[in-house]
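Consider the two complexes below, in which chain A is the common component and chain B and chain C are the respective partners.
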Partner chain A sequence: MSRALRRAARHKGMWVGGVIVLVWVVLALLAVPLTGWSPGTVDPDLALDYQSLPPSWLRSVELPPDVEPRRFLAGTDDGGNDVLGRVLYGARYSLVIGFVAVAISVALGVPLGLVSGYYGGRLDGLIMRCLDVVMAFPTILLAIGIVTVLGQSLTNLMIAVGLVGVPGVARQLRAQVLVVRELEYVQAARALGAGHLRVLGLHVLPNCLAPIIVLATLGTATAILETAGLGFVGLGPEPGTPEWGLMISESRNLISRAPWAVITPGAAIVLLVLGFNLVGDGLRDVLDPRGRA
Partner chain B sequence: MTRPGEPPTVNIEDMIAAATAPRPPILEVRDLEMHFVKTKGIVFEREVGRIRAVNGVSFDLRPGETLGLVGESGCGKSTTARAVLQLHRPTAGQVLFEGRDLCATSGEELRKVRRHLQMIFQDPYASLDPRWTVESIIAEPLLNFGRPSRKELREKVRDLMITVGLDPDFASRYPHEFSGGQRQRIGIARALALEPRVVFCDEPVSALDVSIQAQIINLLEDLQAKLNLAFVFIAHNVAVVRHLSHRVAIMYLGRIVETADRDEIYENTRHPYSRALLSAVPIPDPKLERTRKRTLLEGNLPSPADVRTGCDFASRCPLRPQVDHDGRCERERPKLLPIAGKLSHLVACHFHEKQG
Partner chain C sequence: MNGYVLQRLLGAVPVLFGVTVLAFLFVRMIPGDPARNIAGERANEEILAQVRRVHGLDEPLPAQYARFLGRIAQGDLGTSLQTNEPVTREIAARFPATIELTLCAVLLATVIGVALGIVASLRPGSVLDLVTMGGALVGVSLPVFCLGYVLIIAVGDHMPYAGRLDEGLRDGFAPRTPFYLVEALVRGEWAALRSVVAHLALPALALSTVPLAVVARITRSSMLEVLSQDYVRTARAKGLSRAAVVLRHALRNATIPIVTVLGVQTGYLLGGAVLTETVFAWPGLGRFVVTAIGERDYPAIQGGVLLFATTFVLVNLLVDVLYARLDPRVRLGGTS
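Let's look at the complex of A and B:
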């Protein structure tokens, strides 16, 4: 384990990714005090005055008289909202949905993969074929389908994104279980009188965790992307919520007049996904040194 | 028959017979067969291949006795052990432990019987969970049967570690902090924790240095004497088996081809395969070694996936060209039968009497 830690300390990509993710978490928590924006803070009477202001650092237009010149680092959208404020606040949605969705994927995928790989035979065939069916659908299409069936809400969005990730987790774990279950210490545990559940929980699962940790991290990135995608097509939270995909969608008509309202949430998605991917790749290198070229 | 009221008649000859009769075997394996079937198709499952790893193996094991199981790699020694322990469910045959057929039991009942049969594994690096401390590894079997208190558990683990020659102060260390020999001692301590009656030693020393091998073998001998254990000692090292065993069975391609008491099999080897196998052992004296006559086998081991009607060894047998004039070896499989005059020496060869 200490060797893994030393490898981790040297892995630059993982550090960069880790810092990005951490900064996003802090920004999401401090969004309101940092920018002064929170849902419902815009006075509807003043909204028109603040509509589509460019970012403060390239401001060439006449400002309404009561606007401080340094406000709105990323400009405002056509509702008069501070774009930066909404983006930082929106990180909460992405992070929470990402984590909850991955938790759902892992919670369902791990037992399926364990059972499938450990018992094998017909049960394995049945589970894997069912997952093949699920995997045959393009993920975003499947998520759209699930949201349509369950009804549109934040909870159902998380469930949909989570379910889409189940086959990946289950397959990865199954592959690992197939390796681990043939190891002598697993056989030894059986001979020593451990029941199947005990063997699975105490020997097989702990020795299969490394790929799951990697997959969960990379899966968070995917889940954030899928969430944004669903938000963009209008299957995410209700209109007006500062969810990144929805923000892009709602501001897409302004792309020529106020591009900052689209670019900022887009850049936020890229940055957060990049952060998780860097951490995931780093974890893979650290936890499984054989995979390195 | 005795009538009621009349004292039972005691026959002195019966008493002598009872006292000198061999002790009843603790483990009887009858026609054990372990085939690995490869199937295709989900709904209409059909067999596309069958690996006959173990093909009708029978042996008895008495308390305190060591049976050496010898044979080249892939002949089914380890599979036999695993099938007896029901780690792989045998496809046919019986495994009678104290008269109870393990093949016919399953689930909780099997788990409870199996505690009396334990196994020491070949690879001391692979057989210990790398994430567990030595203490938890040795305690695991105890926790599988009953709920000892923490103090009892600690005591028991301590005793076991001392029994196998490990320093009990190392209990909280992890397997990778130990040498191969020490790890094998951990494995032995774990196997002994449930106070088994029968222990399968699956090549317990072949992964160790020669100097360490002797230590482990001596340890096994001491433990056998102290605990009246019955061993099935699996090895391809014929010298080690000779040192340790009371009886020896030689396996070839999933069958026992010859079995006899230790000295008998080494001094009066009847089966041509056994001869070849035993002649492969080097003699430590260089002068004698130079004069040693070796029987070198031609050809490769036939595949255990093929079906043969005759003797499995026919294709490589050095004796056959001289004796088999009418193709009997390829036509008829030889049965494992006692040789003339010795009931305990069994050979599966049509022509073993013509062996020089």
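Let's look at the complex of A and C:
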């Protein structure tokens, strides 16, 4: 363990990723006091005056005389909203949806992978073939299908993104269980008369924790990307919600007039996903030095 | 070898079967009356009864499924609610566009990804390695639609970013097949070819980033492993040039994981095509399915999804066979 800690201390990429994620969490929490924007703060009468203003540091356009020179670091969108305010506020959606979705993937994928890898035989074959079928569908289409069947809502969005991640978790965990169940101490526990449930819960599962943690971290990155994709095709939260994918979709027709309204949420997605990917890659290096890829 | 191929083919049958079950259940699981889903919101009772009869919705589920399979076998995927054309015809007009786009993206990802991976593996820890791998990490973190818009903002004034061909060329070229790239090449229509390639460039580039980054990463790690092996040192000791050792001895063994990754990535590419085609107004199957979702055109969604999944299964079958050709241990039932 101490060796793993020493490796962790030296892993720069992981620390950079960790800081990025932490900063995003803080920004999401402080979005309103930092930018003064929250849903519904734009006065509909003033919205037109503030429509599609460029970022304040660009200032290439003269403001109308009666508009107070507020600072919009990332400009404003079509509805006169502060783009930066919406993006920071929108981090709440990405973070919460990402975490909940991964929790769903892990909660369903881990038992499936454990049972499949431990018992093997026909049950294993059946579970794996079913997962093959699910994995044959492109993830974004599968998520689209699930949202269509369940109905469009924030909860169902999380369920869809979570369900789509289940086969990946189950398969990787199964591979790990196949290795662990052959280890001598597991055989010894069986020989001592421990039941299957006890062996699974006390001996196999704890030795699969490292890959589960890595999978969950990298899975959060994927979940955030998929959420943005669903928001982009219009199956995410309802129109007007400051969800990043939806923001890009709603501003895409103004791309030549207000490119900042598309680029800022795009950059936000890349930064947050990159943070989780850095942490996930780092954790894999630290927890399982043999499994580098 | 033939035995292995046959075994893999048989293994794909239950998966394909499962795919049809899921696609079949999809339309039935949508809340509400399936007849109304098919006939549309404004259909009256008389039309609903007729739809139920025509589609056999009054029969039990297994009978309905058998009928559904029978129709697929005859190449009948129903009628699109948006256009009133057979779904198969709609798909046939659009899938080739998706295939051309996806294959170009795979080509870009493989060529650039393998080259970057090799370069990075030759000097691990160098600045070049860090920059390449850092870039690859950003690449896997990029949503394909974001990159699409960034490309449009950056070079949209100089490059076409919607459709497949200049409108002005449409009459002169008059494509007879939906495979514009191949057709322009075969017929020697150079102006058309230039236009087709220009239209393909941005969407293919956007679609290729994630697989490119994944291929670069896997190539690097795979090359690093191979380069440290004894036979590589022997080859160098014999006096062979570094380039010969890297390209002829090492890369050959390093390709095996790369091929596997490419197979897995096709699933991503087909899904990514859904978003890329929306950004670049690419008249392919992905955009068709997204539009169909907006219009609640269930037969079209079902047909499109079925085709996407079948393609994925078949491509992975192909990759497995290729894998066995490259690595005899696989087809001989070894441990690898």
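What we mean here is this: the second predicted complex is superposed on the first by the 284 of 293 C-alpha atoms of A that agree within 3 Å, B and C clash if a C-alpha of one lies under 4 Å from a C-alpha of the other, contacts with A are read in each partner's own complex, and residues count from 1 in each chain.
Here is the rule we use: contacts are C-beta pairs under 8 Å (C-beta built on N, C-alpha and C of every residue); 3 or more make two chains touch, one makes a residue touch a chain.
Bear in mind that the values here come from a model prediction, so they are computed numbers and not experimental data.
Chemist: Look at where chain B and chain C land on chain A after superposing the complexes, then choose clash or fit.
Modeler: fit
Chemist: Roughly how many degrees, to the nearest 10, is the angle at chain A when you join its Cα centre to the Cα centres of chain B and chain C?
Modeler: Roughly 90 degrees separate the directions to chain B and chain C.
Chemist: Counting only touches as set out at the top, which of chain B and chain C does A:185 meet: first, second, both, neither?
Modeler: first
Chemist: For A:193, select first, second, both or neither according to whether it touches chain B, chain C, the two together, or no partner.
Modeler: In the superposition, A:193 contacts chain B only.
Chemist: Applying the touch criterion given at the start, work out whether A:122 contacts chain B, chain C, both or neither, answering first, second, both or neither.
Modeler: first
Chemist: Between chain B (first) and chain C (second), which does A:138 come into contact with in this model arrangement: first, second, both, or neither?
Modeler: Second partner only.
Chemist: Does chain B (first) or chain C (second) touch A:210, or do both, or does neither?
Modeler: The answer is neither, since A:210 touches no partner chain.
Chemist: Could you figure out whether chain B or chain C reaches more residues of chain A?
Modeler: For chain A, the partner with the higher number of touched residues is C.
Chemist: Could you say whether A:25 touches chain B, chain C, both of them, or neither, answering first, second, both or neither?
Modeler: In the superposition, A:25 touches no partner, neither chain B nor chain C.
Chemist: According to the stated criteria, A:8 is in contact with first (chain B), second (chain C), both, or neither; which is it?
Modeler: neither
Chemist: Once the shared chain is lined up, is A:103 touching chain B (first), chain C (second), both, or neither of them?
Modeler: So A:103 meets neither chain B nor chain C here.
Chemist: After the two structures are laid over each other on chain A, how near do the C-alpha atoms of chain B and chain C get, in Å?
Modeler: So the smallest C-alpha to C-alpha spacing between these two chains is 9 Å.
Chemist: Determine where on chain A the residues touched by chain B overlap those touched by chain C, and list them.
Modeler: Overlap of chain B and chain C footprints on chain A: residues 129.
Chemist: Where on chain A does chain B make contact in their complex?
Modeler: On the chain A side, the touching residues are 122, 125, 129, 183-185, 187-195, 198, 203, 206-207.
Chemist: What residues on chain B touch chain A, complex-wise?
Modeler: Residue list for chain B touching chain A: 42, 82, 85, 87, 111-112, 114-115, 117-119, 121-123, 126-131, 140-141, 144-145, 187, 190-191, 193-194.
Chemist: Using the touch definition up top, name the residues of chain A that touch chain C in the complex.
Modeler: Interface residues on the chain A side: 129-130, 132-141, 144-145, 148-149, 151, 221, 225, 228-229, 232-235, 245, 248, 252, 255-256, 259, 262-263, 266, 269-270, 273-274, 277-278, 281, 292-293.
Chemist: For chain C, which residues count as touching chain A in their complex?
Modeler: Where chain C meets chain A, its residues are 14-15, 18-19, 21-22, 26, 29-31, 137-138, 140-143, 145-146, 149-150, 152-153, 156, 217-218, 221, 267-268, 270-272, 274-275, 278-279, 289-290, 293-294, 301, 305, 308-310, 312-313.
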